[in-house]
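Take a look at these structures.
Heads up, the next two complexes both have chain A, just with different partners, chain B and then chain C.
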Partner chain A sequence: MSAALSMTTAPATPGLATAADPILSVRGLSVEYEASRPGFWSKPTRVQALRDISFDIRPGETLGLVGESGSGKTTIGRAVLRRIDTSDGRILFKGQDITNVRGEALRKLRRHMQLVFQDPYASLNPRMRVLDIVAEPLIVHGIVRSAEEARDQIGELLRLTGLPRDAHDRFPHAFSGGQRQRIGIARALALKPEFIVADEPVSALDVSVRAQVVNLLQDLQKELGLAYLFIAHDLSVVRHISHRVAILHSGRLVEIADRDTLYENPLHPYTEALLSAVPVPHPRTQRARKRLIYKGDIPDVAHWPTGCHFHARCPHATERCSLQVPPLVRKAPDHQVACWHR
Partner chain B sequence: MDAISEMPLLEVERLQVEFDTRAGIVHGLRGVDLSIRRGETLALVGESGSGKSVTAQAVMGLIDVPGRIAGGDIRWKGQSLLKGDGPRRAKDIRGKEVALIFQDPMTSLNPLITIGAQIGEVLQRHLGMTKAQARIRVLELLEAVGIPAPPRRAAQYPHELSGGMRQRVMIAMAIACEPQLLIADEPTTALDVTIQAQVLELIAGLQETLKLSVILITHDLGVVAGLCQRVAVMYAGRIVETGLADDLFERPSHPYTQGLIRSTPRLDDRLERLVSIEGAPPSLLAPPRGCAFEPRCPIAEARCGTEPPLAIVHAGASAACWKPSQPAWRDVPASAEPAPVS
Partner chain C sequence: MAVISPAVPTAAAKPRAGSFSALAAELWHDKAGLFGFAIIVLLIVLAFIAPLITPYDPALQSVAARLKPPVWMAKGSWEHLLGTDHLGRDVLSRVMAGARTSLIVGVSVVLLAGSFGVLVGLFAGFKGGRTDAVLMRLVDIQVAFPGLLMILLIVSVIGPSMTTMIVVLAITNWMIYARVVRGIVLSVRQTPYVEAAEVIGCKPARVIFKHILPNLTSPLLTLGILEFTNIVLAEAAMSFLGLGVQPPATSWGLDVANGKDYIFVAWWLITFPGLSISVTVLAINLFANWLRVTTDPQEREKRFARAKAAERRRAGRTAPTPVEA
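Let's turn to the complex of A and B:
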């Protein structure tokens, strides 16, 4: 275990001297939740949602974070934004340790990192005008005193996110799902953050509208130099938008690599299974692909197996896999994998 | 092939469904034509609100107040289910010869009754089996849908099963009466991708062994490509294009289909930018007089103000467009060299 720790806590990009310093570094992050009590008098059980997560995000880069439901994707997003407490590990934002930042310092920090939500219907207050919604972060952070004062600034944000000029004084119900997501993005951009966590930002949108929002996120990144942590379960969208991709399985990172390496030369058996399960929307191509369909279910967060969490479904699993956790090991300058057999 | 098997199993003709709402009448279906033959797999593709699910509900007789069938006909093996003594006959057909599985297996299963009892109820009610006969058949059905340890599972409640297992139970229930047509309404949308692959493989396997006809309702073009022979694309309550899957993906005729295919990121794509269909589908409170896609269509012209009929474009393919098969999204290359995927 100590060997595993030392390997994963090493800087994630020692080979790349040219790479800019990461905007966000996560080292050995673990998160525990208190779960239900088995009986009234007994102590609550603790559920380990994330274990020993380490990754970097460089300025202007998109890291795609992929995992199935219950794998802990959203928990990572919430932890790096300091919305939940960590039980172990460190989070560094622009070199500063923010793991235990609290109070006023945390509030200041939040100007630099923002969140875009999944559901554009639930994340906008239906009783607020668009102007008030987008101005709220500016008011909270004391940059302006009223929404009216920020009207011009918000007009610019609405233009940037492709909303109609007269959107200011309308209410969210007047907008379609795609436009609502643009409002959510405009709100996230109001404080001019450098880093945005986008948690499944396009999953609730229809296909034709999804492309609009994906294109917008890419345009904004080019224009404003934003770094994204793009959380998604859709591997096709992730390939399209990400520079690097991390695969999360049951609370552990199993593979991180630059995008093309991960998609064209995956090493972890789980990544292989995941990729082969995604249908390609082209019948001839799809028929020609080899499919790996592994039996069994995703392990439940409250009853994680010992050893590698994937060993019950893995065709390569040996006894070692069911006993020891494989550490995340660097196989190439930008390719890390956690598997005993690769 | 004899005449009987040549005849379509299900025919939907000029079907119109309306819903009374406080805002006025919503024209959910505006004349849908559809037919499916024995053993065929048809995909009904569209975005939310396009009328895919309403079509399935109409076939299953599930349109209830405030909705109503306002026109058209549904025929099962040549006989109307809406006219004459059709509604009475339909009661025996629906649930027995035609079965439906829903998107969300948790809300379609009774949480207070064991899996075995729920499937058994279908057998006792529709096939007049005794409790003991049903119990044996339930175990066979659970086995057939790939649920391990059937006797143990039959005694469990829905909450004890994972999402994929629940969907398998729904499928077991649907095939309990050996239907000829299975309508699957977004059967895998709520599932993770590796579980989705398992369920799709199960449906394909059952289709083969039971000689089922399948109507698969989905918004996911990837799912279509893996499973279906024929595709019907819906937009704003109408079918805008239908054709053989291979052909339709290779050379889509309708601008909407073209846009849909190219706005969907592919696992193997290297496109820098997705096609983005600007705007949103029209409100069905006041559906447009002409082509419903006209406001979003890049090649629309004056005559698109009149409704184009669903007409044959080339052998086996029809489209409702005045300018079918013309490239609508010129600025983006039609097909970049696909990137390899594992």
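Let's turn to the complex of A and C:
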């Protein structure tokens, strides 16, 4: 490990989350989007994308965030990075309230939290060399004056992310999808952040390359003590990389638990249904499994139902479910679930 | 093939280091671009030294030598290579003298209107929301307002001169840049790499000029060239109305406008200034095309690969050695 990259204040044994203070705490986060503006002067109609989201991420830990399309996974990622404004709730980063940080202070904050993008083909500027792309964070934060000055430092980053040594002067289109994602990761690491939001970093990649990138992320975590918010819809990938897993449904967290607890002993009916959909790589086992399919409509983003958002599809639903929102309740030391019946 | 591919990126990346000679070598290989560049240089030089080399004073009238045809026609003479106009003025001299006005007006109006329009478009597209709505309504209002009326108003207040003409034409022609740029900015702003730039902490100015503006190169080059022709002709219309170039000064546009009445008796009056405009536009087009490819790394490598392939084909033809092996 080079001196240039070992500056992070990581716990000695990252991975095993301890009772350390969380690096990121989200409390009661809500996000509303402006849907449309009926007239120039009138107030825009609003759509609630996230409601009352609370979770913690400890240093060196990976929180997997799973949910179906439109459930608000990406919105959570963007909100904790302060890319979109919150309408309610608080975001604490290393104990500091960053909910309303703006302007120059927000720009400074970027040094500590970074984003890895879903689409490695669109997230790299096609007109910039790899050196310029990876060195840009260092330049805009005044750490180096020019990309050339950072050449050695960038070389170290490229080596760390497993890119060829002559990658510096090439343009992104000369690389494969997996390599491009490595460039994106190198860019995110350039500022030595402690926390990275990985927004479906492998879903645009070939299955064969996926494992490589996931393993790279894990190795980097071990080496640099990074904390990840790992957003994905691939449950097997999430199981592989996460320490804890949060399940998101229609803008609300329905269950958060330790990875093994969640996969072995899911409590929320939605989690059960999700897990039953994961294919098992063994035909006989796969055939013997019972697939839980719940009928009913997926709630419309613009008009959330009252009560539990899952009640229309839930087999256990009672009248109470359609009237009152179930709170996220701690059932075990590291297992929270939002259901009236569990 | 395997021999070529590793060489491509390095070779194409080399000129980026900023060496002028490498760029010049690249231009030398693109014959069309080189031709355009040569014509442009020639025109600029001509525009500057025209007063020194014109065979006649472009304003000198001679009733005895009215409407003389060019030299290769039956009644033509070597005294007037491209003939004379209805007042006996030498067409060649006028074309040479007109180059200066036309080029200065065309280029400065495109630059002035272009930079203003681009700034407005960038700002509107980047800010979005109400800023965008207000700016774009201003553009709409100005587009709806008749340009010629505005020109008449301003010129009759300030009085005609070259500077007035440039400013007035810029005022009436910047809107198209704003509209085109805004549209592109709106779409580029959504791309992940622009978000990436913001996430790593780029200031808005850097995002705009480093990540968004380069995407505008090729549409802006195309638009600028189209507008250049429009401006040369608009300048002609203004000069024709007596609001632009004042005699004895001249311009290509003015000559085209004046020669229009004689199109059936003396085609050369309108042809040569008109031809000058076309050649200028063609030259700028050829050069701009080269410039567009050069500013896009991906296109540039493709061009490099094509040039290499052509080189190999030629080498294979002259000396049939087993190149394809």
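Note that in this section the second predicted complex is superposed on the first by the 316 of 342 C-alpha atoms of A that agree within 3 Å, B and C clash if a C-alpha of one lies under 4 Å from a C-alpha of the other, contacts with A are read in each partner's own complex, and residues count from 1 in each chain.
Everything that follows uses one rule, which is that a residue touches a chain if its C-beta (ideal position, glycine included) is under 8 Å from a C-beta of that chain, and two chains touch if they have at least 3 such contacts.
No experiment lies behind these values; they were computed from the predicted model shown.
Where does A:R129 make contact in the superposed view: on chain B (first), on chain C (second), on both, or on neither?
Second partner only.
Is A:L115 contacted by the first partner chain B, the second partner chain C, both or neither?
A:L115 contacts chain C only, not chain B.
Would you sort A:H243 into first (chain B), second (chain C), both or neither based on which partner it touches?
In the superposition, A:H243 touches no partner, neither chain B nor chain C.
Just to be sure I read the superposition right, which of the two partners does A:N215 touch: chain B = first, chain C = second, or both, or neither?
First partner only, chain B.
More residues of chain A in touch with chain C or with chain B?
Result: the larger residue contact count on chain A belongs to B.
Quick check for you: in the superposed arrangement, does A:R27 touch first (chain B), second (chain C), both or neither?
So A:R27 meets neither chain B nor chain C here.
Figure out whether A:R180 sits in contact with chain B (first) or chain C (second), or with both, or with neither.
After superposition on chain A, A:R180 lies in contact with neither partner.
Can A:H335 be said to touch chain B (first), chain C (second), both, or neither?
neither
After the superposition on A, what does A:L191 contact: first (chain B), second (chain C), both or neither?
In the superposition, A:L191 contacts chain C only.
Using the superposition described at the top, list the residues of chain A that contact chain B and also contact chain C.
Common to the two interfaces on chain A: nothing.
Mind pulling up the chain A residues that touch chain B in the complex?
It is residues 68-69, 176-179, 206-212, 214-215, 218, 233, 235-237, 239-240, 260, 263-266, 272-286, 289, 291, 293-295, 297-298 of chain A that touch chain B.
What part of chain B is in contact with chain A in the complex they form?
Within the complex, chain B touches chain A at residues 47-48, 162, 164-165, 192-198, 200-201, 219-226, 245-246, 249-250, 259-261, 263-269, 271, 273-278, 280, 338-342.
Contact residues on chain C for chain A in the complex?
Those residues of chain C that touch chain A are 9-10, 13, 16, 130, 133, 191-193, 195-203, 206, 211, 214-215, 295-298, 301.
Quick check: in the complex, which residue numbers of chain A touch chain C?
Chain A residues touching chain C: 40, 81, 83, 107-108, 110-111, 114-115, 117-119, 122-127, 129, 136-137, 140-141, 169-171, 173-174, 184, 187, 190-191.
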